[in-house]
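Should a chain be cited, it is by its letter among A, B, C and D, assigned in written order, with residues numbered from 1 in that chain.
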Amino acid sequence: MEINLLQYKRVAVITVTGRIDSATAAELETTIRSVIDNGQKHLILDLGAVDFLSSSGLRVMVTTMKTLRKVGGEVCVAQPSERVVSSLSIAGLDTLFHSFESREAAIASF
Amino acid sequence: MEINLLQYKRVAVITVTGRIDSATAAELETTIRSVIDNGQKHLILDLGAVDFLSSSGLRVMVTTMKTLRKVGGEVCVAQPSERVVSSLSIAGLDTLFHSFESREAAIASF
Amino acid sequence: MQIRQATFPSRLDQIEAICRLVEESAQEAGFDSAASYACQLAVAEASENIIKHGYGVEGKGIIQVSVTGRADELTFELRDEAPPFNPSLSPTISQLDEDDPPVGGLGLVILHRVMDEVRYERLAGQNHLTLIKRKPVQSR
Amino acid sequence: MQIRQATFPSRLDQIEAICRLVEESAQEAGFDSAASYACQLAVAEASENIIKHGYGVEGKGIIQVSVTGRADELTFELRDEAPPFNPSLSPTISQLDEDDPPVGGLGLVILHRVMDEVRYERLAGQNHLTLIKRKPVQSR
């Protein structure tokens, strides 16, 4: 898994490449935490290049959503890969995360 | 010249392809006016595929800037082509328009 | 169909290799990409649970995975030597509460949503988990 | 170098063809892409002005464009039969006022910024505009 972080004025975009499973989810969580601790309320997860997303990754996403909502923020997903869409739908979380076809549409939504 | 308009919640992206000169600038002005009349205050001109930009086009851009500033808005440029950069710099307008390397950076700036 | 079998140390970094075994079997059985991914996901969830909840600490044991195919279905068997745990009871899958979404418990939900059958036996000090996935009828 | 010459009806839709003539000459003279574009821009500005301000209405006259090359420079000559106008005087190029940027007057600014020489003559009822552009030294 690779993580790339891009900080804009009002939104941070975290781009993940590869597998998000129990072996890697903690690293993603650490990155997200640092962004939130930095005061960022709007987060976009670009999951276009994620080819595996297990419950460990979903758990990080749900936790992030809960944390951000408490401060009036939100996390959404940009250009999810087919497999990310599958994982979200199998886990019944597809309605929880706003999903945008492109990064720019996600950014423009905030 | 071709014009493509994408309306997001807080920003409109106008993508222009081809030549912006005295033969085509009026059409661009009409599109921009309709967007502004619609209440949009933040405009991005994606000039990545513009291969000619003469004073007629620059005049439309400056007019747009003045109109939007009056209502607390702004117009900026995304991924300008080399020729657009040349035109702006030759006309001495390069400092007037914020220019962003990517559409998403432009969108995130608002 | 060839029977595939392999033994993995109970470490989280082995999940990827376990997925690869599942993927190869699914491909050979003619499962489409979506069905293959669903199987990988379910077997990964079961394996993660064995490592995290069963053995408790990484590297303390092994997971034996075998895959057999028959007609239009694949059978995955996972064996481990951790304390007994029966994941075959379907968790109550409640409607998603948007205002208070569940942070845990997704692994068993995924396992049962994906698999057509989930069977458990404790035999000779081992957990035997049997997961059966039938080939989707309208395989693209 | 070949002398290029063509006569265009005074319509705004001809600007693109005028630019093409300039581009071909600049390419033949070995101008780099930036210098070529600068020439196209300047000649387009002069032509637009002749059509809009000189003739006043589209299609009322003609613009004759000729390009000659010599050593390391290109000479563009534009002739028209509109009322006399002398664009050879350099406009005062003031510092940009960010709070009140100029909406008009950019055409002559561009013409003079780009060209090394701008000469004007009125001869036999015609405006003769001569624009000279020297090849940039560090041509890439």
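Simple rule for what comes next: a residue touches a chain if its C-beta (ideal position, glycine included) is under 8 Å from a C-beta of that chain, and two chains touch if they have at least 3 such contacts.
Quick caveat, the model's predicted, so the values are computed rather than measured.
Enquirer: Please find the path from chain B to chain C through touching chains that uses the fewest steps, and give that number.
Expert: Between chain B and chain C, the shortest chain-hopping route counts 2.
Enquirer: Quick one: point me to the chain whose Cα centre is farthest from that of chain D.
Expert: C
Enquirer: As a quick test, compute the distance in whole Å between the mean CA positions of chain C and chain D.
Expert: Spacing between the chain centres: roughly 74 Å.
Enquirer: Roughly how many whole angstrom separate the Cα centroids of chain A and chain D?
Expert: Chain A and chain D have C-alpha centres separated by 54 Å.
Enquirer: Approximately how many whole Å separate the CA-defined centres of chain A and chain B?
Expert: 32
Enquirer: Taking each chain's centre as its mean C-alpha position, how far apart are chain A and chain C in Å?
Expert: Each chain's C-alpha centroid was found; their separation is 25 Å.
Enquirer: Going through chain B residue by residue, note those that touch at least 2 other chains and give them in order.
Expert: none
Enquirer: Which positions in chain D are in touch with at least two other chains?
Expert: Answer for chain D, listing residues that touch two or more other chains: there are none.
Enquirer: Can you work out from the touch definition every pair of chains that touches here?
Expert: A-B, A-C, B-D
Enquirer: Spell out the part of chain A that touches chain B in their complex, as residue ranges.
Expert: 8-11, 13, 103-105, 107-109
Enquirer: Going by the contact rule set out above, which residues of chain C touch chain A in the complex?
Expert: On the chain C side, the touching residues are 12-13, 15-16, 19, 33-34, 37-38, 40-41, 44-45, 48, 51-52, 93, 96, 98, 101-104, 106-107, 109-110, 113-114.
Enquirer: Where on chain A does chain C make contact in their complex?
Expert: Touch list, chain A to chain C: 19, 21-23, 52, 54-56, 58-59, 62-63, 65-66, 82-83, 86-87, 90-93, 95-96.
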